[in-house]
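Below is a structure I'd like to ask you about.
Just so it is clear, A, B, C, D, E and F label the chains in written order, and each chain counts residues from 1 on its own.
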Amino acid sequence: MMKDDGLKGKRILLSHGDGGALTRKLIEEIFYKKFYNDILIKDQDAALLPACDRPIAMTTDSFIVKPIFFPGGDIGKLAVCGTVNDLAVSGAEAKFITTAFIIEEGFKMEDLAQIVDSMWQTARECGLTIVSGDTKVVEKGSIDGIFINTTGIGVLPAGVNLGFQQIKPGDKIIISGNIGEHGVAVMASREGFSINLSSDCAPLNRITQSILKNSQGVKFMRDPTRGGVASTLKEIAISSHNVDFCINEENLPISQEVNTVCQLLGYDPLYLANEGKILAFVAPEECEKIISLMKELPYGENTCCIGEVQEGKGDVLLKTIIGGTRKLNLLSGISLPRIC
Amino acid sequence: MCLGVPVQVMHINKQDRAVVNINNIEVVVNTALVPDVSVGDFLMIHAGFAIEKVSLEAAEESIAVWREFIKHV
Amino acid sequence: MFDLRQMSNPLLLKEMVKKTIDLGEKVLDKTKKRPVFMEVCGTHTVAFSRSGVRGLLEGIVDLRSGPGCPVCVTSQQDIDRVLEISRIKGVTLATFGDMLRVPGSSSSLEKERAMGADIRIIYSPLEAIKMAAENPKREIVLLGVGFETTAPAIAVTLQEARRKKVDNISVYSLHKTMPNALISLLEGKEFAIDALLLPGHVAAITGYRSFDFIASKYKIPAVVAGFEVFDIISAISSLLNMLLKGESRIENLYSRIVTETGNITAQKMVNEVFEQGDAIWRGLGEIAGSGLLLKSLYREFETLVRFPIKITEASPYASACRCGDLLMGKIRPFQCNLFRKICTPNNPLGPCMVSAEGACSVYYRYDVSDGESGYDER
Amino acid sequence: MMKDDGLKGKRILLSHGDGGALTRKLIEEIFYKKFYNDILIKDQDAALLPACDRPIAMTTDSFIVKPIFFPGGDIGKLAVCGTVNDLAVSGAEAKFITTAFIIEEGFKMEDLAQIVDSMWQTARECGLTIVSGDTKVVEKGSIDGIFINTTGIGVLPAGVNLGFQQIKPGDKIIISGNIGEHGVAVMASREGFSINLSSDCAPLNRITQSILKNSQGVKFMRDPTRGGVASTLKEIAISSHNVDFCINEENLPISQEVNTVCQLLGYDPLYLANEGKILAFVAPEECEKIISLMKELPYGENTCCIGEVQEGKGDVLLKTIIGGTRKLNLLSGISLPRIC
Amino acid sequence: MFDLRQMSNPLLLKEMVKKTIDLGEKVLDKTKKRPVFMEVCGTHTVAFSRSGVRGLLEGIVDLRSGPGCPVCVTSQQDIDRVLEISRIKGVTLATFGDMLRVPGSSSSLEKERAMGADIRIIYSPLEAIKMAAENPKREIVLLGVGFETTAPAIAVTLQEARRKKVDNISVYSLHKTMPNALISLLEGKEFAIDALLLPGHVAAITGYRSFDFIASKYKIPAVVAGFEVFDIISAISSLLNMLLKGESRIENLYSRIVTETGNITAQKMVNEVFEQGDAIWRGLGEIAGSGLLLKSLYREFETLVRFPIKITEASPYASACRCGDLLMGKIRPFQCNLFRKICTPNNPLGPCMVSAEGACSVYYRYDVSDGESGYDER
Amino acid sequence: MCLGVPVQVMHINKQDRAVVNINNIEVVVNTALVPDVSVGDFLMIHAGFAIEKVSLEAAEESIAVWREFIKHV
């Protein structure tokens, strides 16, 4: 985005959050300037949305990231993608989103404008309408910059019925691309590594809608964010019935950059956050077709099959490159750097 | 407590600091424990410190022994 | 130029496994029982489990963990002292991440932080100097945990602190050294390990000759090995070979890093800053000459001098916790009745379930089999 | 609520927010324990809600309050009431709500349980279902305790059509009770005053649904939260067309406690937050009936008419007790205590 | 016992307004022009506008604001110094809320706080002592702003700081006193005010005799009045009465608080801590003997001694801003061309639009009429 | 800068502090400037300090004058 020079040097003041004249000014000059649409600008206590004859999906998330601007995105893009993706993996078409900002006194106005711009760009890419918002300002030092909550609703297309209970032995497990890139990109920019890697932060709704429309083989999807691929797989394994998931280490798409940073800092890429990836469980006979559908679309180019479902008792088993087997579990304790 | 990573020296700074490279990622490490380091050397890094040089010849030799063994035994 | 990545070639590694199993079967034929090997170093424990090598070889070798996870062998009293130091007003405790969740008698650094203690995770001890310079009004306490591999880094850090005249930093040294701990183990009445895998990075500092006594005095075969999958398969293969031939030598399989005499510079650094002292090892008890304490020359950097803290009685661990037996190679984790049932990483009853290198935690997180297959427990 | 003694002494750890095993434990032991319902416990990325044949209302707000527990409520009750009331004043029946928590490392587990309990109690009172949630934990010191975002959706009953454009000269302006009590209760407990006054924090959906069902005379409603009655009236006046609002000072329901604290600290009660009040614009011929409907219901006992709409140009005019006139404006600058 | 709330009885007040208008019309009949009264005190400015009394009486009296808003009369140079003090590392600035948004040459305390300065709003100067005791490593600077009413509170605070040996507190005194400022006003060539409403709480401290010179030397009628609606109507009525009778006296209408000689204890306290000095008043310029500076006995508490700051040139205000004329009663706010059009509370171009007592801010927020009705501008 | 509130003294603490009441709200104020204060007295409070006593008689008198004036003039 072109930075708006009129905002240079301006800062968020506590008064911007008092619900009075300055709040109104902020809303008009920063938020409405980008988010402008017929629903939002009615300026009601609640946005009025059309009736909906299909089941509705609804999800919420708060976004906190340090640094706020990172290679491949910023907290604004993250906040829209995060909610779009939760709707997408539940099978829904994302329609409407609300945004709630908590901003630290002294936050740079031009940074806020840039975040708002990237929210708007991302929402537009996804065909989302931002229908309602909220802004709170807190005293300097009482948060670290900015937190954003987004809550989204979407519509479930006819014929879509995803769920843990659909997952059956023989199903294939697909991931839409490289693992751990958000986690590593954010960590590397925090630690000041010079590294040529961007966060994978991206909206996945086009991918999910494409495979749901063109194949009956999709059983279940989830986006492996906090806790990474390993925790997400384990969560699904726990909730599903009488299955194990068998993952092939040699099929895992992990870039050399990610592997190297993990080695240096003592992390495991399987437990690092992804912000633009889908894990999909699909019927074996549809697997190839679904992979090619995903590879055709942006953000799905590196899609591959990483394993399959077997009868079992809720374990996630990783076949190592030398043919050994180890388990994957829920992340336990924050993923600390370790020197052990 | 003994995780280590092999890296290659790209540049030697004064006062026991060197820029090292691993898979195109560059980081600065402390070389106080390996004073006679040269550009191009491989180092084993632990907790931000080089703890020893890595001999590529020795590594090559270890593999050669195995290849021999696998081939002939 | 030789490319180190050749060591990770899956085809090569798979062949190595095959050959090693062949060798192991010959040993089984000869001895009629699975030999028991101990990987002394916690980093080896992780390498065996994460790679799946432990499982692949479980038919031919019974692999036990040893006292080489520095977090696990830290005594409860020492952890309680660390917690007490973290509570001192004005203190910032700088620690490696591994220590954060280790339970003391009634708390952990993670819980102290939640209660308001200022505890920072560091990757390298040098960060503590930066921290001290940037926060002149705070006292930075660097927690010195680790073996011979880590001690030189702390030594260099303190020398740099002195050179840069940073005076708001101190070290609480819980450093331990391997040789005397191994002697204590080897002298144990119930010691029943057939061979040892020695810590490669410790040996990089001390030289492999420092482990000679294992073969010469105790007649136990041992190898110094690195931490790649290549290295640990090589180690097992070499030990099996010695067993088969009835030899007991110290073999250096980590020659790309480890020399006879080790890193003389690092040894000098350590000797300038530290001196030998007694240390209490969890499970092994007090071992004379197995700890590294600050020399009087560096007394100004001694945390316990700056903040005299009272020594409280440590409350005993869950009595059924078998970390002690585990650290001496007497059992494998699943032989503890609490393992997985009550003791889990979210509810750890002993430090072996907390540390990333603790055997219980490693087995819980990675291992599929409980090590019972192949030959039976003896 | 009875405090759960098993939680005593326990604190939120960073690991509770890592998306792994402890996060799961927290969700199950604290959140699901109270919020349990068929939609929520499906544990999907997005909650699945039924189709809806009427227009949908949607609103979001983040809640930050110090102290977290105050006379008359806590942040949990506030977070549910705030969103229910935004839906209520837009005419909708509140149906589903999402909750997103940002919690400081070290927060007391029993306090969290108590907040969750009061959210649940309030949601139950309103007939709301909590369908989706999110929990983030931030480092000790990086926020002040806990922030909660709630986003709600509701259904607009047939025949309801509220809007600024309905407001016409002659309409009456009603408030559902005493002014400034949330602001004063929170401030007094912050300053340690011993005072017999509670926050008005309350859900207003029963009141709004009752008057919408039983009268065609409701033109527009709003809840005068941040910025108070004055800012809210002025906002409405700005958005409406060619009207002034004339308010009678002698009709304003303000308790002696509120007046006194305001005098002591130099605040104006008209600019203090309310968390359980409605400002309603109603047709004059329906005014009496609507007032009696409101007086019948809990939280509406002190309803009264405070003024009326006249032709004008967007001013809010206050007739003072001695017959003078002054204007009310948007709050300008945080409402500081002043000694001037 | 008499209940003070009787003073707020609307019926009584409405009757009083009626009588006052009757009286005013008699004056109009006699003089053929609306008399011009000045409410010297900013608190009176607010009382007239908030109650609507100003509007009710605008047909009979042209009410002007005076130099009695301490925030408004603080010079830009002084504000710039305050901003500079707030930027000093380790300083916590304790201030009444009124000062927060006042613009200096290029910033305000509100903006400095957003940039990271530690600025705390206090209700009472005593909070600054508590703050100092609780934050021994910080330097608390108490911003002393106000007239004779507020100065004694600051004096007591400093005495208490000395008694309690709190040494990390200092005062930046911008205190001003009324008499010399009024003289400067009355001596002004263009002075054209018919009568003065004097600040009741200042008089409570100083005694009403301290204003005698207004009547005796300058022959201007004046009343000392309180701040209730009852008080301000009484004041107008009394002044009209004097005009009608051609008298010029100082009348004390605030006898429930104000005595001839005032609060002797408070005067002593002030004299122990402060001494008269020159002060620069925005609009009025430098007025000898109109400021209160710390005595050398209290030099240890002088902010400028602790933190010598450089005096920078203040950048001039928007040249069209007429705060100066306003503070001397020459104009009413709407006569400034910027008022409401460009200058608003969210975009204040002068301090009179910022302070809660500033005439521009008060008129913007409360007043319906621009004061033009009734008799014309003269 | 001269906002003031009248309050009644309920209780006198040592060292220049008194508990005062206004409409059933109790606060502590500093009475260093009004040393001869007694329980029951009315005080004018500014910035946490009592600056003067309030004479109810004088207040009553002021009102009486007006009532007289309104009635008879």
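Odds and ends about this structure:
Quick note on the criterion: a residue touches a chain if its C-beta (ideal position, glycine included) is under 8 Å from a C-beta of that chain, and two chains touch if they have at least 3 such contacts.
What you see is a predicted model; the values in this text were computed from it and never measured.
Number of steps on the shortest path from chain B to chain F, with steps defined by chain touch: 3.
Separation of chain A from chain F in touch steps, taking the shortest path, is 2. In terms of C-beta pairs in contact, D-E outnumbers the other of A-E and D-E. Chain centres here are means of the Cα atoms, and by that rule the chain farthest away from chain A is F.
Centre to centre, using the average C-alpha position, chain B and chain C are separated by 22 Å.
With each centre defined as the average position of its C-alpha atoms, the distance from chain C to chain F rounds to 74 Å.
Annotation: 38 Å between the Cα-based centres of chain A and chain C.
If you average the Cα atoms of chain B and of chain D, the two centres end up 63 Å apart. Residues of chain F found to touch two or more other chains are 1-3, 46-47.
Within chain C, the positions touching two or more other chains are listed as 42-43, 69-71, 96, 98, 101, 110, 123, 146, 150, 345-346, 357.
Across the assembly, chain D contributes 14-15, 21-22, 266, 329, 332-333, 338-340 as residues in contact with two or more other chains.
All chain pairs in contact, by the document's touch criterion: A-B, A-C, A-D, A-E, B-C, C-D, D-E, D-F, E-F. Interface residues of chain F facing chain D in the complex, by the touch rule stated above, are 1-3, 5, 22-27, 45-47.
Contact residues of chain A toward chain E in the complex are 11-15, 21-22, 25, 105-106, 140. On chain E, the positions that touch chain D within their shared complex are 8, 10, 13-14, 17, 42-43, 46, 49-56, 69-71, 96-98, 100-101, 110, 121, 123, 146, 150, 229, 344-346, 355-357, 364-368. Of all residues in chain C, only 1-2, 4, 6-7, 12, 15-16, 19, 41-43, 69-71, 96, 98, 123-127, 145-147, 149-150, 152-153, 156, 159, 199-202, 204-205, 227, 230, 234, 253, 255-258, 263, 265-266, 269, 357 touch chain B in the complex they form.
Residues 250, 265-266, 315, 317, 319-327, 329, 332-333, 336-340 of chain A touch chain C in their complex.
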